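Presented below are the structures under discussion, each in the form of structure tokens.
Each of the two complexes below includes chain A, the first together with chain B, the second together with chain C.
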Partner chain A sequence: MMFRVPTAAFRVLRALWRINVAEELQYRANFVASLLGTLFWIVTALLTLAVFFRHTTRLGDWDYWEVVVLLGVFNTLTGVIEAVLRPGIGRLAGEVKSGGLDLVLAKPVDAQGFVSFRRLDVWRFTDVVLGLTLAGYALYRLGRVPSFVQLAAFALALAAAVVVVYALWVALMSLAFWFVSVENLSVLFDALYEGARYPVSAYPGVLRFVFVYLIPIAWTTTIPASALTGRLEPGFALVAAAVAGVVFALTRLLWRSALKRYSGASG
Partner chain B sequence: MCFRRAPTASLRLNSPPHMPTIVTAERLSKTFRVKVRDPGLKGALAALLRPRYRDVHAVRDVTFRIEPGEIVAFLGPNGAGKTTTLKMLTGLLYPTTGRVEVAGFVPWTGGRDFKRRIALVLGNRQQLVWDLPPEETFLLNRAIYDIAEPAYRERLVELVDLLELRDVLDKPVRQLSLGERMKCELAAALLHHPPLLFLDEPTLGLDVTAQEAIRRFLSQYRERHGATVLLTSHYMQDVTALASRVLIINRGRLLYDGALDALVTRMARIKRIELVLGPGDGVTAEALATFGTVKSFHFPNAVLEVRREEAAATSARLLAALPVADLSIEDPPIEDVIRQAFAHGVGQDDA
Partner chain C sequence: MSRLVRWEWLRRYGALLRVAWLQDLQYRASIVLWLLWGVTEPAVALGIWWAIAADGPVQGYARADFARYFFALMLVNQLTIAWDSWYLDSWIREGELNFRLARPIHPAHEAVAENIAYKARTAGMILVVWLIVAAAWPAVRLPFGAGQWALAAAAVLLAAAMRFFISFATGLLAFWTTRATAIMELHAGISLFLSGRLAPLALLPPAVARVAGFFWFPYMLAFPVDLLTGAVHGAAVVQGFVGQAVWLAVWVGAYRLTWTRGLRRYGAVGG
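Now for the complex of A and B:
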């Protein structure tokens, strides 16, 4: 029982992703478009940042290149969002409305896993590469060479960040089960996630509290970037991992009650 | 472990005497609570501030049993409760009250073991991957249902043969016709050899040839594998060609459960004669009325209703007396039969 479920999951995921790669390879222009789009986005973000730093030398106690490290992390996560989440679970609201979800629910698969990871827009993984490159370059400009422990802490915090971002998507998309007519829930995510472009310490107290405890976007960029630049003790990555675990468990519960609601088992 | 289950299921199918009733629905009801909204901006605002709810009884107190190997059609106008019933049988919806047992499982608690025993095809939704050939979707389902390679090959060959899919297998789905797509949907849904098929409007929007192909396939498939088929449809032909038994549902209630012929001879005492008149003049509604009840007359098209047993004779007289370009005799639309059944009631005695 313990080993059977993951094997089945991996078998299905492999089949799904094989399909996606086959599909995406038909559209090679997407690669160029995606690459150009990301480069353009990075340049714009850096220019915006440069405008900020003409008026100040620090943003929430972070200096320019530290914020660029954070931008790199932000872009890395954007890559994960665009490659996996938006094309997968991002389509949930529409499917709840149209009833297309029924076909998924009638299959012997874990519906949350299937809906979440059914698609990979592989070209968007270029964002991950570019984001990490940007963070690395900023680190070089800072003149800091992270220790192995710091790198490990960064890797763990980044993984936790991916889980938190995923949980936010699941939570938002689950709203579709309650408010069937919501069309474009992903826009809501984009609006929230804009807040993760700057270190959480740059925000006033109330907002900081919200971003750390309520809508945990602080854990998506600020924490991994801090781990990389050495602002945080490496051990803090374990806290990030714990947060990710809790948030994931919560969204799993939310998903379950959402499905119950869909089938009319509750209320 | 999972792939061993499917062969067991089909083995059981081949020995019907030991097979118990495959679908049992007892006093099944489903009530939805829906928000009531008055029209207009004021109504929208009121609904937002103080929502009012109304109970909609989609399915009321429906009881039936289905034996293995039957093809049963759910008939009824839109919103009658057909799809809601189908969803409760497949575990997508919980009934408000009542008991359901399908293939030995309570659908909504049966989990994956239950889902492996059923196939669900929805005429207005597709599972095929749009930009890729259908075979990619088949491979995905192979992984989902954990079908061993030799079994997969064997079944694919059979389905491709029965559905005549050889030429479409390697074309992207987006280039296929609606009929070809539905055939592929069926193939994708049947690769795991489910003993029980739920088909919601499988011929929706298809042209006549494609509809016939689907029907032919379904009856062949059932003959070969003894699968039980439950389908909903708007098309009388689907039902007459396939189903030995119909369940008529209207406003959530089961009105009739029994053989279709018995229903049609009982309820459809009339036939429709559809005419296309040729060039010429002098044909008036009054002239037509001498042949039967004129349901509609917009030159050159006319629809007459005559008594069932007189249909042939009246057609002959029409052809002789009027400049007829085209004539066809049809059963009245299923909605009419049902409306009639609803108005006059249908006894269950001959079911």
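Now for the complex of A and C:
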């Protein structure tokens, strides 16, 4: 069965994360560094917007504070990426090359789950907090108080966004099984994700089509932000959830066929 | 320098370049990904300005001007970018500097050769793509002028040298701190605005553009890009080259200082 509830896996993950957190707590200076880094990034992003909005009042029909809401969502997802995905599945390409993946496959747990969630950089979760704070502040400046239904739609769309981002990582890192010598595959994600910093409606038509249907970047930031600002019917969050489900299932299949190509350190 | 010494240096650089080229060849797929990453930022910026300029020129910049500016920026950025801080940081922290110091040639020469090999390969790729795009899309075609291109080439060379010394000197801070690369990222964040990576400097608030003029940032990118697209003329060209020369000299000085001081300290730690 593909979808049994893996209680043993959760136990393993809990143990791994406990060790992780204990380890990270030793390096409290990293917390300050990470916080300063995030604040610097947010200020840079806001100044970037300020430069654009000196010359326009709307970006893809979004006004300034709406785009700031989107930046908040972007930063929230960045937190998830930096805390969970990059330290975990981000190391896959190197392990496929070195054969280090052998050690993972030898364990009696689901390889994809283990590779994906084995490590947490807890300090980077501050990005999630700061991102949501930024989105909340922008919403306040917009003078919009989201209804309960809108908040629920946002929560669902954001969860779907996390799944889509995760699926993108799995899809890109699976390429490592075909292109063994490429160790910096995560750079490909960074390049793609750069496109998620602005609402997709700001891009020319072709690019918009690509971001919605082919490389589902639009579902990561534009959709949750739209749900929060009331641009979207709350019911649309269900579509986002469905998209996330489909994308997740597809990457699961991709992962399986990719893994079949792995020949180990001796191969 | 006698002819014999000059010949000797040519031979050394030939060997270093050959090694660097072959190493890059081994990692050519990775290099393509770095290249892709390098061009997304200007591509996204172009997309946004393209949307903003839909209703007409922005302070004299029409859509085609933005297209030319950011295509030139992609090329110039690739030709002048220097990753040396990251290399030096790991060389110093992991002790890989030791065997490089034992060689009868300064490690900076290896770094220079790597830069040349890397840039020849990646900028060549950008040029090919640019030519193909230009065949279909007149907006990104550059006005042809041999003299203007020669000046742009000189400015790119000076900018590349300056960014190399900035990166090298900052990387050498790893002798003192573990956050040398963080300083470099801070520098990159500031240069996003002040070097013209986000927008032509004319589109920044005038006060910010004026402040940028007091630093080396515009001479890293904006000036060579404007020369290439033909946006600067007359006295501004002379002023740009003077600025490049002055700031290059400053950064060479910074490099010499960090190198001599740092090595003394490094010896103390290792000895």
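Assume the second predicted complex is superposed on the first by the 257 of 267 C-alpha atoms of A that agree within 3 Å, B and C clash if a C-alpha of one lies under 4 Å from a C-alpha of the other, contacts with A are read in each partner's own complex, and residues count from 1 in each chain.
Here is the rule we go by: a residue touches a chain if its C-beta (ideal position, glycine included) is under 8 Å from a C-beta of that chain, and two chains touch if they have at least 3 such contacts.
Note that the structure is a prediction, hence the values are computed from the model and not measured.
When the two structures are aligned on the shared chain, A:W62 is found in touch with neither chain B nor chain C. Residue contacts after overlaying the shared chain place A:S263 against chain B, while chain C stays out of touching range. Touching more residues of chain A than its counterpart among chain B and chain C is C. Within the superposed three-chain model, A:S98 lies in touch with chain B and out of touch with chain C [touch as defined at top].
By the document's definition of touching, of the two partners only chain B reaches A:A15; chain C does not.
Looking at the shared chain after the overlay, A:P108 reaches chain B, while chain C stays out of its contact range. Residue contacts after overlaying the shared chain place A:Q26 against chain B, while chain C stays out of touching range. Overlap of the chain B and chain C contact sets on chain A: empty, with no shared residue.
Contact residues on chain A toward chain B in their complex (touch as defined above): 4, 8, 11-12, 14-16, 18-19, 22-23, 26, 98-100, 102-103, 105-109, 263-265, 267.
Only residues 33, 37, 40-41, 44, 47-48, 51-52, 54-56, 59-60, 179, 181-185, 187-188, 190-192, 194-195, 197-198, 202-204, 207 of chain A touch chain C when the two sit together in their complex. Residues 26-27, 29-30, 33-34, 36-37, 40-41, 44, 47-52, 58-59, 179, 182, 185-186, 189, 192-193, 198-199, 203-205 of chain C touch chain A in their complex. Per the touch definition, chain B reaches chain A in the complex via residues 1-2, 30, 32-33, 87, 90-94, 96, 108, 111-113, 115-116, 118, 120, 122, 125, 127, 129, 131-132, 136-137, 139-140, 142-146.
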